[in-house]
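In the two complexes below, subunit A is the common chain; its partner is subunit B in one and subunit C in the other.
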Partner chain A sequence: MKDINRRDFLKTAAIGVSMSVFGTKFLKASDESPSGYRIGILVDTDVCVGCRHCEWACKVAHNIPTASLESYSDNSLFKEYRRLDAASLTVVNEFENEKNPSLPVYVKKQCMHCEKPACVSACIVGALSKLEDGSVVWDTKKCIGCRYCMVACQFQIPTFDYDKPIDPQIRKCDLCYDRRKTEKLPACVSICPTEALLFGERDEILRVAKNRIKRKPDVYINHIYGEQEIGGTTWMYIASKSFDNLKMPPLGNSPAPGTSESIQHGIFAYFVPPVTLYAILGTIMWLTKRRSNENKENRIEFEQEKKGVDT
Partner chain B sequence: MISRQIKHKFFTPWIFVLTILALNGLVFLAIRFIYGLGAVTNLDNYTPWGLWIGVDVAAGVALAAGGFTSAALVHIMHREYYKAIVRPALFTAMLGYTFVALAVVVDIGRFYYVWHPIVMWNGNSALFEVGICIIVYMIVLYIEFIPIVTERFINKINFHGLLTFLNKPVNGLLKYLDKKLSLTMFIFIIAGVVLSTLHQSSLGTLMVIAGQKMHPLWQTPILPLLFLLSAIAVGFPMIICESLIASRSFNLKPEIKTLSKLGFMIAPIIGIYLAFKIGDMFIRETFRYVLLFDSAAWMFIAEMVLMFVPFILFLSKKIVNSMSGIFIASVFVISGVLLNRINNFIVAYNPFFNPVKYFPSFGEISITLGFVALLVIVYRAFVMIFPIIPQENNNSNQNIAESGNTKSKKWI
Partner chain C sequence: MIFCILAISILFSQRVTHNYSGAGEEQVGRDIKIKPLKNHLNTSLKCKTCHISEYPTLKDPGLMSCPRHSMYGEFPSSEEGPEVVVIDEMSENYTGVVFYHRLHSEMSEMGVGCTDCHHFNTSGPVINCRECHSNVRYRENVSVPDLKAAFHRQCISCHKQWSHENGCSSQCHLYNTPENQKNLTKDLTGKKHPKRTEPTKIIYEINCEYGNKVTFYHDEHVNLFRIECVQCHSSDRCVKCHDKKIKLSDNSKTAKIEKSFEEHHKPCFNCHKENACQKCHAGKEMARFNHGKSTGWILKSYHNRLSCMKCHKNQMPVKRLDRNCNTCHKDFVYGKFDHNKTGLFLSDSHKNIECINCHDKNDFTKNPECKMCHNDKFHPAHLPGKKRY
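Entry: the complex of A and B
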């Protein structure tokens, strides 16, 4: 199968974006995946050159104060492994390339936008929701700042403004929800100079990823990170070395909220178990009362005990 | 035996110490609300939950379990013999849950939105269920406490000055509440037990979603069952411990007979809990993590020992019948459950990327200790105002006559 070029992608992407925004419906984590348009983004770590333009574009798109784009060419930052924080919704890290030491591997990190997001399942007030196009977004009007989404997320993505007493936010990639309203691509995708980020329909993106691995089996390992991981993710990665060595958590294929939701739904299935428990306790209460009225043993014992204490 | 307000002097050296602890907590509380969570806590983006959720909320809810276990014993199973323990247990639960709610307000980033779960629902969320159940249960506990207020104040209302005109209507209201509640109290009592069962277990479900971030020694799908069983197990030991401390503090004769009888019920419950806990360990083959003898393994061993020792102690008749024996055994169970909650929420939480292992900051510990201190102070004040603690019937003919005259059944 032919690799699809960038322009085609942008076209389908634009259509997809408009579809996704106009037909936005909020889904619950446990719902079946709908058959409609789902965004997929491929990170080809072999193509990424570590320019960190995506970091800059992301900050600009989300109104986060940032230095000029030129300052991002400073490579000394790569010395230490960086993670997301309230002011960085995406970061790029450098990893050693054993096959070709002069060309290190760069891995961009951001919210993976899981197919079955644990954060959406966990959120106490439903402030996090999964849109029909697959993106996971956060609603500042609902969030109470309990940080349970951070406990739930297997990728450790959501961050919190620990230093703000009023209106601290849970921050994570929202796939540029505001930009997509005007049919624009996410800022990181549109600025990427090397086409290391590929935006499109998820199935299509998966096909491209599989193709690239097939064409260059000597370069890529045969694993698309995010295809199956905890039920699949919107962002997917291909790389020349094991993802364990790129600090991507080794996760199984079962969705993160699975066990928790089945326990929850078991305890609360149509309120039958709590109501049954109420009825059982009520019956015990009534029966034991009758018994204690019929033979006053308890009472007599009680009186005797009282006398015993009194004397 | 009848519950009466305690007549004792309020201030002791201990109260002085507790006041200092409470004030110290208040200072850090102010910093938290002025400069944000980051200024006081050691929490970060990798460890979002710490001491306040693990101890103030999770352990707090567990240690307030005496309220529903005693209600189930006395009201649902009609073991009237134990009636004396109901009021102190109910009051402890009411106070405990109030402080749990306060701790939640302190811990959540947007405290002014704490009411959101009441109107914004997410049925998939274990935290939502815990939150709603705790809110409703708190209301139930306040309703269950009303009879104690009416008993204290009916025909004894005495506002002075401008408020004199209120005396009659308030008294009428109290009488009305007393009458209505004596007819409907059973609804609230059963509801309280059901709600407790639900949220005590759902507190365990909370950490299930953390998946691999939880140490396998603790991460198990039966966490909700383990949480429920351990909460039931710690209910009576809390009542015993409290009763003995209150007796010592107020120079009352301890009700050792009632407490010992209560004590005999504890060993089987701990036994069931331990059976599930150890069975789970063997089914999931997690004993190999114990054999690593790293810090997590030692915490697990400590938790197990703290529950196993009182299991043996509570089996011995001699120990359960002796005051110091039953006190020490109870303290073991309480520490065991406390450590279990700390382990589940703090020690076991070890995500893939975690550069700094969390340890609570001085500020976090100060606020937790401050809350505990304040709780004890409020407890002491309340048992002096309201008829909560059961005492022997010397020179209190008036009270007996009163309760004898009440035609309706007295629940609480």
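Entry: the complex of A and C
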């Protein structure tokens, strides 16, 4: 009875492990991007006026308690660089404009919705997933709060409810998943007075961005942040000054999960490490056993010889 | 190169529609209906300003796609334009705005002019914003901003600094009821922008190896050289004069904007292309422009009253002309020449004698002589006719 139980256990374990290995295939972020409609949002920092209405609209859309819209006209907040937190999924920061100090540059920050997201790759329970339209969303029910996504994200976007002792959640921009179900634009895009946030198909948005740079070469630098960065992002930026000075991390063009996943899905695929490990261990065991057997036989022979000599 | 041309041609072929609908009405690009200018053949416009096709016809005018970078537009003066405009295009969603059009149009005269807001407006009537800017944000064609953005961009691009202070409803979105709108309109009627003062002379004092003084005669550039304000002031924004951060107690009300070498010299370099710093940078204040001193050709009576462009045909910078009368006066040839044009109406006895009899060796730059016929008469005491000018 005991033997059968042990075999059953191994069987289910093997199925479980193999499922988890093949399961990661669906979450694999470094795969080729699926074709079809991809959302693109262009942040034109030259057009943004820093009204912070997007911050207000975001909170309202995500049921986060907030003050009235009028209170957002207070611009003393801009004195300090602000980061995202669990209660603000997007923030606007002010940067100096050397060309005209009286008109500063404003940069909105939120999840970039990478084409090949590192957070999705890092999530061990598959709570985060990349949708067909390009948005990166997460499932609160699956999340175990390991915060691996926070470490993996190059833009330091996902935030954690540190204030909540019970059932804290990971939070980030979800491109207004619920609003888009009813054919509505994300709240920030919808409220923006100057359409500094331009929503459309990614290719079309890129075309518009390139056109704007071409039409105003003395205003914009020739760089669309997010077009190529870490394999491309859904949110893209154009600006009048270098993105390094706007606290946008300088990143290469290769997707972040590329290296880690090639190791994970290469070396670790198809039970290679455990099989190798057990094979080596087995060989060692077998060799030790053979040696001890040989020793035993030798000893027996020796003893027999000894006995023979004695007799 | 070929690829580039191909790409452009494809772009145009996609965006330009030559649908002809009704008499004298074309559809350009989007659903903009533009009537062609009456008698537009007689205007100074070049055909290529509007037409792409070599042989435009009434049915297929082959117009350029709109919007495009530079467009010709004719606008009424600020007095002729509307005084107050009520913007309530999207009143179902937003509180309307009572916009004081005249004040803004007066201010715009300093800079880019009407086209600063009425961009891409072709000849003919002023096109309503909604003709190009859709009032739906979630739309397919995102190359043109939506109506909400179009309005806000026009306003906030200048009012950027002030928009923060009290929120939307305290500055612009004041009008909610028709009564309120009436009151606001009444309040604004008759207001005028204070007259812009134009400097006559500015002396810039700077640290420069070529000389620390640059004398700039503003009135000369405006009145004599007839340079349009826009040519130098194109990049000036309202904040140049209206900067709230500068206290009124300060002597200068204008904001100082850090400019690079290129930006600072750009207005001058438009015309003064020669790489001669000493022409402007000197140790002392420089004298006004004098045609005689600078070129050696002293302008007298008639020529003195002409604008520069009358002789130096092309735009600034002007080109040096030779001194032959025929260069400008093409009809000044023997037989055809009408002496009355010089202002001296010859008497009947002098009308039919040859030029060379008075003008020695046909040199018209020198004073004429009477000694060929008269011993007792001299120029200019005795004239061979009557002077009219």
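Convention: the second predicted complex is superposed on the first by the 263 of 311 C-alpha atoms of A that agree within 3 Å, B and C clash if a C-alpha of one lies under 4 Å from a C-alpha of the other, contacts with A are read in each partner's own complex, and residues count from 1 in each chain.
In the analysis below, a residue touches a chain if its C-beta (ideal position, glycine included) is under 8 Å from a C-beta of that chain, and two chains touch if they have at least 3 such contacts.
All values reported here derive from a predicted model rather than from experimental measurement.
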{"item": "Contacts of A:L185 with subunit B and subunit C, given as first, second, both or neither", "value": "second"}
{"item": "First (subunit B), second (subunit C), both or neither touched by A:A87", "value": "neither"}
{"item": "Subunit B versus subunit C as contact partner of A:D161, first or second or both or neither", "value": "first"}
{"item": "Partner chain in contact with A:P193 - subunit B first, subunit C second, else both or neither", "value": "second"}
{"item": "When both partners are placed on the shared chain, which of subunit B and subunit C touches more of subunit A", "value": "B"}
{"item": "Which of subunit B and subunit C A:C123 touches, first, second, both or neither", "value": "first"}
{"item": "Subunit A positions touched by subunit B in one structure and by subunit C in the second", "value": "none"}
{"item": "Contacting residues of subunit B [partner subunit A, same complex]", "value": "1, 32-39, 41, 43-46, 48-49, 72, 75-81, 83, 107-111, 113-114, 116-117, 120-129, 131, 186, 189-191, 193-194, 197-198, 201-202, 205-213, 221, 224, 255, 257-258, 349, 351-353, 392-393"}
{"item": "For the subunit A and subunit C complex, residues of the former touching the latter", "value": "47, 49-51, 69-70, 73-75, 98-103, 183-185, 189-190, 192-195, 198-200, 204-205, 207-208, 211, 215"}
{"item": "Residues of subunit C defined as touching subunit A within the complex", "value": "69, 137-138, 140, 142-143, 145-146, 148-149, 152-153, 156, 160-161, 163-169, 237, 239, 243, 245, 255, 257-258"}
{"item": "Subunit A residues within the subunit B interface of the complex", "value": "28-30, 83-85, 118, 120-127, 142-148, 150-152, 154, 156, 159-165, 167-168, 247, 249, 251-252, 256-257, 259-261, 263-265, 267-268, 274, 277-278, 281-282, 284-285, 288-289, 291-292, 298-299, 301-302, 305-306, 308-310"}
